[in-house]
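First subunit A sits with subunit B, and in the next complex the same chain sits with subunit C.
And now, the complex of A and B:
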């Protein structure tokens, strides 16, 4: 290894995660005069700069944009952050964080950095389906990103697993391509009312509640699934694709290594007014936190709030 | 009075205040299927639909818009809300609110409404300067909205009273018109660092700290002010305009009449995660709340959050 790796670059505010939350935080921090580094591949994210919103086809609930693609909106927030020379965005993965004498040392796959404050805006990763066939057929019929992989299923029959708003939005998006979409939920299907109405009026979509998916079958790729329905028993449905939308796992491991407290779901516990965690100088915002209502607009606002309180911390406590 | 006034129109969600916060909340509520009414002149507001942000020349800190006029941004948020037929916006002033058997009855200057939930997004009004001449010369040299009235002071010498970020932003804006601007602060001048730098580099702006303004003098309009400086004593400065930016008074009177708790500043005390107040079915968001960090982006996000929890309340508790 070369010598320069031993030398840490110094920042005021280091943001783990380059999603909407992290990028908005960086913009705000720069306005407050903080030298800011955004690490875009923190904690094993598979997403590009822009984060999870880039996998959303159409965003209609970010006030100010009546309708915009997630990719385009993420780009606007990224460009907004890049307006400020104090912001640096690096697509590096943080692998270790330590606190020594009030300063944080962050090691990535490529370099080392030090910073006065850290914001965890690491978001979540997709929860995987833990049944036979799930791993075997990943990317061969088992998929997690409807926007990315939907076009592979033109005129095919597919299933979406999950009952959340995200699951139903995935089904609505997949309806542009597939000829038939089952939504399979273990319990109730409970999207936003507007999306429920849309799904009900979509003739390609069939919603099935109280269904467990037991197995994914196939040869080179998926051919069918075995489901188990309350009071109706098991049966096999022919599908060529399974989109899994059963939730997310918060990426809070690095935060935990600093002593940051998380709840039983692994979500970082924050002060909901200030975005501060229990560790001084460490903040968290967006999908990785224990906020119940999580949207792009709330993550973005909380990112800005975190930047403000990081600045307050640096001014008052250092 | 005609008969129809006695009949109340029924809503799920009634928003007091048509600023960015209230309009975003209405959009979100409509997406959740709530029949929503926005009252745009609640509690004596002098502002148009769009709220206080319409009086800001240039907004650079609403993520997604690197630079946009406050008026234009407010228009976009308003149009976003108007996309939803479930949203009605009325420029009426609420004069009375009562709760009977779990339903809220709101009386305006023109009509009566009933609603299951209420959001106070009433914002604030400008704090007036309580010195001789202040009232006498209001709109004759004493002004509160730099964006609205700045153009009246082309090539004139003026003063901005206040030391906050808003005061300095006002001075920077007024620098487009006036030939000389004093910023007079009782204590320190403490804007966002980026705005402090801009003010320092602006040759028209002179910043004076530890200054009390004692009197505004004039004939038909303002001609001078008397100031009192720590250790330097009183003197008179010739100015033709005084822009007052000494803070805001939260418009929480109607909320208080429902039993909503406020803090010592009169700000509505909210649950910072949910935007709920101590009164069931009553929420608050934006500048009227006891949130320390108040920006358009945080008000907008909290408005959406309030809509979500109003929906939760209606679903679970009614």
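And now, the complex of A and C:
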């Protein structure tokens, strides 16, 4: 253990996850005088520093910004955090975390750190479609980032799989390029009312509820999908792209290894007032938690709350 | 050596790739495949897939932002 302390860099507050939530928490922690390290990595299409909001074309519900790209908004939050010398941001993946004598030891692929408190703002990764053809045609018509790859589908017919606000926003984005878009949801299509109205008024978009995709077909790339009911007498729809937006899997494995409790979905259970978990000195915020309503603004708020209570914890402990 | 970056204007990893090349003072051709259909076909033919960015470093094809592979391509260019 002495060797580990000597080798490790020491922090007051270590933030796992460099998305908007983690970066906001870091800024707030630095203002409270906490030496803070933020570790960011990508789970897929999003940038390691900036997080999943960087894959959103247009953010219209973050107070202070009527309309801003997710990339620009993440940049502003990052720059704000970097204003404080107490904040260090690194693109490293934590692979192991342990608690010994009240101190947390974090190992990444590049280094080792120790910290008095940890915030898990690790977010989620996109749930992948698991049907025949979904793996075979990944990046050959099956895509998970509409912002990245949507522009390649100019004048083509696309299916968007999912019924959430994210799925409908993807369809609205794709409508700038595509000829025709089907939104296919296994249940209800339930975006923000404003986005539902936009989708209803978009002549390129056709919404289908209570439908499942059973198979994706093609040759070198996607040519059609098979659904579990009929549309105009057929269960095959000709499409050239399938954009998947069917939800997220919380990145909570490292937290669990510390004994942090999660719910049946794998989301970290937190005290909704303090962002604390069941493990002393461990907090969580953002999409990885068991809060029901998740947006960037709520994650940012909970991240800042976590920074405050991490500070309180350190003060009481000392 | 010519480096071509096949990208779309809204892709964050494309931005990251181009920023990396600029930071390393590497000249490159930025090809917007959302506007140029023949370039999009060329990209798919070279990489076997439709995701962006695709980097063609004098025949070496790199799919996605891969710092290690980009550094290797840049270093081999200097030799």
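Points to keep in mind about this one:
Assume the second predicted complex is superposed on the first by the 300 of 318 C-alpha atoms of A that agree within 3 Å, B and C clash if a C-alpha of one lies under 4 Å from a C-alpha of the other, contacts with A are read in each partner's own complex, and residues count from 1 in each chain.
Assume a contact is a pair of C-beta atoms (placed from the backbone, for glycine too) under 8 Å apart; a residue touches a chain by one contact, two chains touch by 3 or more.
Keep in mind it's a predicted model, so treat the numbers as computed, not measured.
When the two complexes are overlaid on their common chain A, residue A:76 makes contact with subunit B while staying clear of subunit C. Of the two partner chains placed around the shared chain by superposition, neither subunit B nor subunit C is touched by A:257. By the touch criterion defined above, A:230 lies against neither subunit B nor subunit C after alignment on the C-alpha atoms of chain A.
Of the two partner chains placed by the overlay, neither subunit B nor subunit C lies in contact with A:238.
For subunit A, the partner that touches more of its residues is B, with subunit B and subunit C as the two candidates.
By the touch criterion defined above, A:140 lies against subunit C but remains apart from subunit B after alignment on the C-alpha atoms of chain A. Shared-chain residue A:149: touches subunit C; no touch with subunit B. In the superposition on chain A, A:298 contacts subunit B only, with no contact to subunit C.
In the superposition on chain A, contact is made by A:55 with subunit C only, not with subunit B.
Touched by subunit B in one complex and by subunit C in the other is not one residue of subunit A.
Across the complex, subunit C meets subunit A through its residues 8-16, 33-34, 37, 40, 44, 48-52.
Residues of subunit A touching subunit C in their complex: 45-47, 50, 54-55, 57, 69, 71, 139-141, 143, 145, 147-152, 154, 177, 221.
On the subunit B side of its complex with subunit A, the touching residues are 20, 23-24, 27-28, 31-33, 60-66, 73, 76-77, 79-80, 83, 192-194, 271-274, 291-293, 295, 297-298, 300-305, 308-309.
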